[in-house]
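I've put the structures underneath this note.
You will see two complexes here that share chain A, one where it goes with chain B and one where it goes with chain C.
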Partner chain A sequence: MLKTIMKSDRQKSFYWALLIPTICLLGFFLVAPLIMLAELSFRGVDSYLNIQDTYTIQHYVEVFQSSTYLKTIGTTLWVAFITGLCCIILAYPAAYMLVNARTSGLRTLLYILLIMPLLISMVVLSFAWIVLLAQNGMINQVLLKMNLINEPIPMLWNLTAVVIALVQVLLPFAALPIANTLGDMDPRLRSASMSLGENRWKTFLRVTLPLSIPGIISGFVIVFSLAAGSYITALLIGGRMQPLLPLTIYQQVVQISNWPLAAALSFTLLVIVACCVLFLGWLLNRWEERVYG
Partner chain B sequence: MSITVKGISKHFEENIALDQVDLTIKEGEFFSLLGPSGCGKTTLLNIIAGFLHPTSGEVSIDGKDVTNLPPYQRNIGMVFQNYALFPHLNVFDNVAYGLKVKKMPKQAIKEKVEEVLKLVHLEAFTKRMPHQLSGGQQQRVAIARALAIEPSVLLLDEPLSNLDAKLRKEMQTELRLLQQRIGITTVLVTHDQEEALSLSDRIGVLGDGHVKQVDQPLTIYRQPKNRFVAEFIGQVNIFEVEAKDLQTGNNSLPKYDANHHKISKDQPLVLETTHADDFKNQEKKLVMLRPERIQVVDKLEKSEKVNEVEVTIVHTNYIGDSLRVYASLPEQGELLIHISDTVFEEPPQPGEKLHLHWDAADVIPLVEKE
Partner chain C sequence: MAKSNYRRKKFNIGTFMIWLFGSLVYLFMTIPVLIIIMASFSPKAYPEFPPTSFSLHWYVELFNSSAWLETLWTSILLVLIVTPITVILGTAAAVAIRRLNFPGKQALQAMMMSPLMIPHVVLGIAFLYQGTAMGWFGTLTALIIAHIIIVFPFVIRSVGVSMSNLDPILEKASMSLGAGPIRTFFQVTIPNIKPGIMAGTVFAGVTSFGEVSVSVFVASPQWVTVPVRIFNYVEQTFDPVINAVSVVFILIAVIALIIIEKTLGLTKAF
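Here is the complex of A and B:
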């Protein structure tokens, strides 16, 4: 008995040892910078934006008193929300197809197609959208040639384009969790529903859809947080003037050099996104507790 | 409602799961589809339920051809092996699921749910979630859910195989009583011969996609038609025999020599049967003898050594209500004997000799393949 306890203790410490490299990496390059960032956001600046040794909350006051910043935060969350929603709506049928593919060969092929965007750099993907959407891009060229329009439509440099590009880039992150929950679902539940007289569509609405809520929430959480912090796609497709927080933060750092304000903005974004994620996680937890105990 | 299955075949690419199956299940009957795994019994049930479409053939329920109807238009009640309760709905909503499809008024749904839950003794559990129920309780909810829609037939797919032995016995009794009370036509798929024998009005034994025999439990056990049924249900001694050209004796029963059971080098075991008329015209003649039909006697009586033999015990297996004795003939062949627990004080030991005798009525002709 004692021996097994000792053994399991030793086993436990072995597992911890395996985690050490990851913990070090995360500690040095994620947690420590975050703490430094938090500290920075409370530093005072003089009129030349030099960082002082004093502590103040003036940057947070500035963030929450400026209608521009508040609007930017609102727009950023809105864009992330719409992107998440579009991703879920588009990813669900794709995941459904994937899980119900007739042969395993077809399933593998669909899987590869689905995760393809993950294998290609975001910069390349975003540039591809520029090629398509630019004033002299493919879509405008085709429409002009077909005489459907007289002059090019401005399709780039607006928030709609940003959402479209983000949806494409982030789609796999929504599809994979949904495919997971759909794949884990017992197909006999659908059979049971049909034996009770419910047709395929209603069976989907009353059984499949509610039971895939965990996948939907996870997918949404991932896409939402990635979209809220997305910089490259927003910059390349939307341009640097879009009211999106990552762009504003970049401007504060690189162009204006107000590091404490940039830190305050970063932390505000981080906390808001974390709150959204925690809320959705709590919902997910409650649902799973109800269903699986 | 009766169920008729006519010429049903089901091919999965190269594999033939069912081959030209014909069955008629009578109204109000408890019918079991019994067979080893992979025999096509679940496939057949799924075809009756409408979850699978047959490659060819026809299914009718109550005389109406339903072959091309989807499952949700067949009005069937189905109970699955893992119960398939909806995990996100409580007991009440699970049972009410099919009633909501019919757009019944709320009060009527409530009354119906309470009625069927009372049938399965779960009226106090309406608010529980499926994960809060034991296996047996989940099973009852699944049955209540299937019965709530007042289906024309009840289909059970190995519904008891996930329960432990004691609970399974209880549920068997309960299921049978419930079925008799409601009088609903029921098809049970099972690989458990005891379950099929104890529950059913009739059993259809399936093997390799064919119906091997359809009969009442007693007939299935006592007069199996072929080797497959005889070997699948219960334990059995099977002898390959040849008609014996017998000059001596005034016994009118025909006698047969066993080809692979020998008392000495040139003296085969001799069997006689009262069922000689049942031999089909095939080259290889087979007879079977159930091990519990063999009696242990003090000494061999007949001089011609017919339906009796002296054997040596190889090993024994005590299972409570009987002792299973594996014994060998002096020259070639083995016999399995079940000795009732009531007839011995001390069980006989390996190496001991036993004198065995059996009645000609217990030697049943079989067909190799059908």
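Here is the complex of A and C:
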């Protein structure tokens, strides 16, 4: 008895020994920089943007009093919302097809097509959209050749192009959770509904769709938070001047060098995204309570 | 009979619509990749559609450019350093956290996965600020640290999938037969979660190789990775050599997918 207890103690300390390097690593290089950034967001600056030793909330006041920043926050959330919505609408039939693929070969192929963007650098995918959408890009060339247009239409440098590219880059994050919930669903539920006289459309609306809500919400949460925080695609497709919060933060650091303001904007972004994610999580819980009691 | 025929027809149309719409979505996902591959073999800066001629011009230019080769070397070096460190630390942590119970365990798990959700622009300037304050900004170490943090969740997730399939009774049996915790770890746990470790390694390598949004902040002129160089280039000019560089990324993604399918299995890994 005593021997087993000692053994389990030894095992426990061994597991702790495995975990402690990670705790140190994340503490020093993930938590510490974020705390430093939080502290920085309360530092004062002089007129040359040098960081002072004084503490102030002026940067947060500036963020929430300036109509430009408020508009930027609004646009960011709107773009993230639209991207999330488009991803869900497009991902649903794609996931449905994946789950219902007849042969395993077809399923593997669809899987590969779907998750390929996850493994290709975001900057490469954004560049591909530039090749497609540019003035002398592929789409304009095809339209010109088909005589559908007389001169190239400008398709880059606007928020619509940003959303299109973001949807392609982030769609796998929406499709995978939906595919998982659809795959876990008991097919007998659908046949039961059909045999009780409901047609296929009603079965979908009353059985399949409600049961896949958790996948839809978690997919939306991931796409929304990634879209709200991404600046690479936004900058390359939309240009530097788009009113998006991550872009503004990038500008504040890279061009203007107003570090405390950039830090305050960063925490604003972080908190807003976290609030949206928590709200959607709460919504998901409510839904599950309603459905499963 | 008539009614069932009617229903059957309707069902066919519905299924047909789903498959049509779904196929369009897959096309939408694939087009950028196909366009890049096509453009990389075009002799012109702005590729024609449909393609009329074939050339390896941009590949020749890529492999003759010492600047691109230098960044490629930096990227490869980074992957070779970051991947083993992250896989060792991440595997140890994923195993330990599964077998331990302590207050704050969920918070620690959330912290491990958080680099996936925290906006990368925020992480990037946090790393840049810390690096400047501590004096390691501009070194390769800064890039290594940033990449380890970014890649960490991918290893935790892959190894975690394998761990959830491993019955703890196996480890208990090994212990009760007299093996110590270290021997049990190396001879029972590790061999059983090998697929997860393999998939985690692939994820870590591919993610580190393609990482751009945090690297833009921590990269310095001496240490520029390929994605960061692409970003700096695309932001300022249009250089068709990037088509050829991009095909390298697509090739690596395909190889990674094959390895993941052969180890953990695609459906389980994601």
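The rule is simple: the second predicted complex is superposed on the first by the 263 of 293 C-alpha atoms of A that agree within 3 Å, B and C clash if a C-alpha of one lies under 4 Å from a C-alpha of the other, contacts with A are read in each partner's own complex, and residues count from 1 in each chain.
As a working rule, a residue touches a chain if its C-beta (ideal position, glycine included) is under 8 Å from a C-beta of that chain, and two chains touch if they have at least 3 such contacts.
These figures come from a predicted structure and were not determined experimentally.
When the two complexes are overlaid on their common chain A, residue A:271 makes contact with neither chain B nor chain C.
Contacts of A:199 after superposition on the shared chain: both chain B and chain C are touched.
Which of chain B and chain C touches more residues of chain A is settled by the count: it is C.
Contacts of A:26 after superposition: chain C is touched, whereas chain B is not reached. Contacts of A:186 after superposition on the shared chain: chain B is touched, whereas chain C is not. In the superposed pair of complexes, A:116 makes contact with chain C only, with no contact to chain B.
Looking at the shared chain after the overlay, A:291 reaches chain B, while chain C stays out of its contact range.
Residues 199-200 of chain A lie in contact with chain B in one complex and with chain C in the other. Across the complex, chain B meets chain A through its residues 49-51, 70-73, 75-78, 80, 82, 84-88, 97-98, 101-102, 129, 131-132, 145-146, 149, 155.
Note for the complex: chain A touches chain B at residues 186, 188-189, 191-200, 202-203, 206-207, 210-211, 290-293. Only residues 4, 7, 10-12, 14-16, 18-19, 21-23, 25-26, 29-34, 36-37, 40, 90-91, 93-94, 96-97, 108, 110-132, 134, 136-138, 141-142, 145, 168, 171-172, 176, 183, 199-201, 204, 222, 225-226, 228-232, 235-236, 246, 249-250, 253, 259, 262-263, 266-267, 269-270, 273, 277 of chain A touch chain C when the two sit together in their complex. In the complex of the two chains, the chain C residues touching chain A come out as 7, 10-11, 14, 18-19, 21-23, 25-26, 28-33, 35-36, 39, 46-49, 89-90, 92-93, 95-97, 99-100, 108, 111-112, 114-115, 117-123, 125-130, 133, 145, 148-149, 152, 175-176, 180-182, 184-185, 206, 209-213, 216-217, 227, 230-231, 234-235, 238, 242-243, 245-246, 249-250, 252-254, 256-257, 261, 266-267, 270.
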